[in-house]
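Both of the next two complexes hold chain A, though its partner changes from chain B to chain C.
This part shows the complex of A and B:
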């Protein structure tokens, strides 16, 4: 950082314009992305948030009035919302944990060269290329005992007493979308973790092996510390995405049976598009947003601590 | 000589890979199976691994008698443009986040994280109201604009993490040799990040390729519809024709799969480790 040092001691004799160019460099680099994000996402977000305090029902010419905190009072008393919040925790927790665990295993399996690795990697990553609603439809199809094999397999190995559709069983329905989500999301973790694995200098492993470290020791003291920042950021982003990810649920169960698979995101979708109540939908979205912000602040804090230790 | 323990590990490793491949491919196989099953056997042979008669009628119908080729073209234009624009913007932005400490950085990162935290459903009505006076609803450019903005934050974080993996010494050495920072960035750092850029390109392409919600709300005419919207039209028109729908789905998967097969080798290369050594 030669510029910084010379500027500090007042010995910078470069022309003013050149210094200005250097000082503005980071802003110039980030400006295009930032301008787009502000105009296409943050301004609409502000407008959307304002809906939370207004009576916004589409197709109703008399709506649009300011109603203060009425929507939030309604949320506090809305039993479906609280159930959906609980379901969101299950849905997100299981989906992220399983995707991460299987993604990490896959990344480790693919890290070392072997014959046919390119092909195996391409095939294992393929689910990511499948549009989410198409995979939802396809999994719903496979869970259906009339046209899909899964209930018969589960019955065959004795996990089910009869080949029924788990999507219509209130106790098991949530596992349908979760399994589809795990299938769809493993590649995300595998790709990012594999890229991180491959950037670990190979010399470190060689040196550790020469010093007599066991594979497990090498994993714990080389691989994990190098992966930790990537893990923290991908788990955080993924948690937020999955908490907001309604496609699979809307397509596969539509929140049923009896709201047992309704998560907050699908509930918002229902409020906005089935009942056209954009005001209430925005209010619920705000609550979800606040919860996720608290969660990510915790993770960002954790990541900073991890990076400092490195 | 191969020791038995080593051999056992190798077999376990290959078996685990096979399980993953089977798990990843089986649903796709089922999709293909349904798409070649004639309508009269769709339910009666629903559980069979392969129908007793296979047919390509569904594919022929989709290609010849539906607007699918048009949807396909629209999706291609939207996804490719989005992927390239996002990759360029996020490389530059990710570099700034990785290499500089500057005033306001904390807030920029915070704002970008914020964009990931709410259901995008919330933005539909406001975005529609903003785009429609500009003539950007019902147009592919409007869709590209929206998709680029939605994908830039994550892509920037992704690129940042790739830049973080490249030692600073490389461009500092170049700058001591008289290169400007931008020259060093373009000629030394960017080539090293090609695998990262390929990964970003792949992520964004698939995200744009499969986006349904905004395509559905911002586009009303057939001319500018993308294929997820087109797929839905198989559901809403008359009754659901699953065979045709799955055939259209299989066709739509082809470019995404080809794209993936092409970019995944960049991930394997692991150029970063090579740069440090060489």
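This part shows the complex of A and C:
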């Protein structure tokens, strides 16, 4: 380090190799980490992206040739893709909004001390530990009128005219996976928001209570500002996550009926593993990646401007 | 402005009793300081007055009205926390005006209230900053400002200065005193710094283990401590305490260890042979050359404080502390004679701990 600093002053009379060694020192130190990142993360990514520009069909031994932007042109005309994109927005929007709302309520409830809170906390976080495929199957059965109770309940309280399976109703099918996803994802918000809630100093609430704030005013002027950064980051993470999260849909509806529950991620899965068209699947994945990147940049930008205003 | 009456107030968390019946009356405009060792229940009592803690039994009245079941916001008191508890995402001005805004006070009124408070506390140039960008002392002043803007019935302070360095603490102590003289508001102030207690208080309430030990003016507590606890707690360096036995003969004496006999001003109102504790403040212990009348003592530690000198001497098997404003009274290893002026001696019943005479 000291040598690197002294090297900046005046003309350096040390031999060239020595200067080269000094100049490259920091790069050499970080090289192992960089090499690891490149091989583990960037190489597969690059290969995956390259598929998008190649004709890659698993069962066709002559495929693999470069085809330029053909896949993307096909995507632009692909009705299913556009439907899936629209479905993705619904799926992600409702799932995140409901998970967040219930997660926040749960976190607020668990933040107050009560008898048996430890047990309640453990139980509330349980869904998170259930494998997504299992919870998908579980909910699919629950929605199934032959084995599950939910259609009968809905019929019983008069929400449905007959105890049918909502998963096979084109207008309602999306709600099946969304409900399963909400159930499964509430703990994520509850855990992170609870952690943030518990880091708020109690005496702020006490000071506000003395200042005359009602519980709701305390929530607005203390809890919310404290939670805001956590909310921003978790909602962003969760949005990207859920937009990419096809497990429940694949298990519960497999995109049907009539692609009504097909989201982009499940469409990619279908293209790759049912049609075995890896090239096309890759191209769709790239579009999704770009869209999500634009979304995250937007959020980051929004956050920066909000923070600057503070 | 209001008086505060506390009647037989108790507090228990489950089966743990924290306060065992506190009775206290605070007059309108009075500045009362609660002192006591850590964990004795000072904050608990203060928080019960504020309404942040339930009252297990007993009664608290503010301005004659029972407030036991009133929410903090309806008690019309202001509190300054040790941690200041400033709202971090609000500016200084917003912090100070928050309570007024919640009360839907008119804009002009708020503006004049906070600019008045800011001027009093020299916060005017800081009004647009956030607490994060303030020094400890400035934050403390904002916390004070937040309390004074709405002219509450009473101020409660929970160790408001303990996070400041000694110099700033001294300064703020003066500010608080001035503020109280200006506003004349009823104030309860919790501290375990006895200089703060002595300088600020109209009356001091000394607490220990959930009980009030003594209530009185600062000098009262200092000059006539009601029991061993108050005697030992007030004053630094702490009072010398020696256990002995009362002898009624010769006009009243106390016999200490190793046959040392200390004469008293007169007979004490207690029976001959009572075990008692003799207390004398270090600054009242006279240290002189040997040969003079007194008790032989060997100096084993000399602590110069700049302001004076603390001498530790061993005599009759005990450690005798003496405080002298003079320097160079003695050095380590000197043999001196110490004596206890009769009018400065405090006597306590060793068994009950309470003052005799």
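Rule of thumb we're sticking to: the second predicted complex is superposed on the first by the 264 of 310 C-alpha atoms of A that agree within 3 Å, B and C clash if a C-alpha of one lies under 4 Å from a C-alpha of the other, contacts with A are read in each partner's own complex, and residues count from 1 in each chain.
Heads up, the rule we're going with is that a residue touches a chain if its C-beta (ideal position, glycine included) is under 8 Å from a C-beta of that chain, and two chains touch if they have at least 3 such contacts.
Bear in mind the structure is a predicted one, so any value in this text is a computation, not a measurement.
Undergrad: Put the two structures on top of each other at chain A: do chain B and chain C fit, or clash?
TA: They fit: once the shared chain is superposed, the two partners occupy separate space.
Undergrad: After the superposition on A, what does A:222 contact: first (chain B), second (chain C), both or neither?
TA: Only chain C; A:222 stays clear of chain B.
Undergrad: In the overlay, answer first, second, both or neither for which of chain B and chain C A:65 touches.
TA: In the superposed model, A:65 contacts neither chain B nor chain C.
Undergrad: Between chain C and chain B, which one touches more residues of chain A when both complexes sit on the common chain A?
TA: B
Undergrad: Just chain B (first), just chain C (second), both, or neither: which does A:198 touch?
TA: In the superposed model, A:198 contacts chain B only, not chain C.
Undergrad: Taking the superposition on A as described, I'd like to know which of chain B and chain C A:207 touches: first, second, both or neither.
TA: second
Undergrad: Quick check on the superposed model: minimum Cα to Cα separation from chain B to chain C, whole Å please.
TA: 8
Undergrad: What part of chain A is shared between its chain B contacts and its chain C contacts?
TA: On chain A, the residues that contact chain B in one structure and chain C in the other are 201, 203.
Undergrad: Mind listing the chain A positions that touch chain C in their complex?
TA: Those in contact with chain C are residues 201, 203-204, 206-214, 217, 221-222, 225-226, 310.
Undergrad: Quick check on the complex: what are the chain B residues that touch chain A?
TA: The touching residues are 13-14, 16-17, 20-21, 23-25, 27-28, 30-31, 34, 42-43, 46-47, 49, 89-90, 92-93, 95-97, 99-100, 102, 104-105, 108, 111-127, 129-130, 145-146, 148-150, 152-154, 156-158, 161-162, 164-165, 175-176, 181-182, 195-196, 199, 206, 209-210, 212, 228, 231, 242, 245-246, 249, 252-253, 256-257, 259-261, 264-265, 267-270, 272-273, 276-277.
Undergrad: In the complex of these two chains, what residues of chain C are touching chain A?
TA: 50-52, 71-73, 77-79, 81, 83, 85-87, 89-90, 98-99, 102-103, 130, 146
Undergrad: Once bound in the complex, which stretches of chain A touch chain B?
TA: Going by the criterion above, the answer is residues 2, 22, 25-27, 29-30, 32-34, 36-45, 47-48, 51, 56, 58, 105-106, 109-110, 114, 117-118, 120-135, 137-139, 141-142, 144-149, 152, 183, 186-187, 191-192, 194-196, 198-203, 229-230, 233, 237, 240-241, 244, 246-247, 265, 268-269, 272-273, 278, 281-282, 285-286, 288-289, 292-293, 296, 300.
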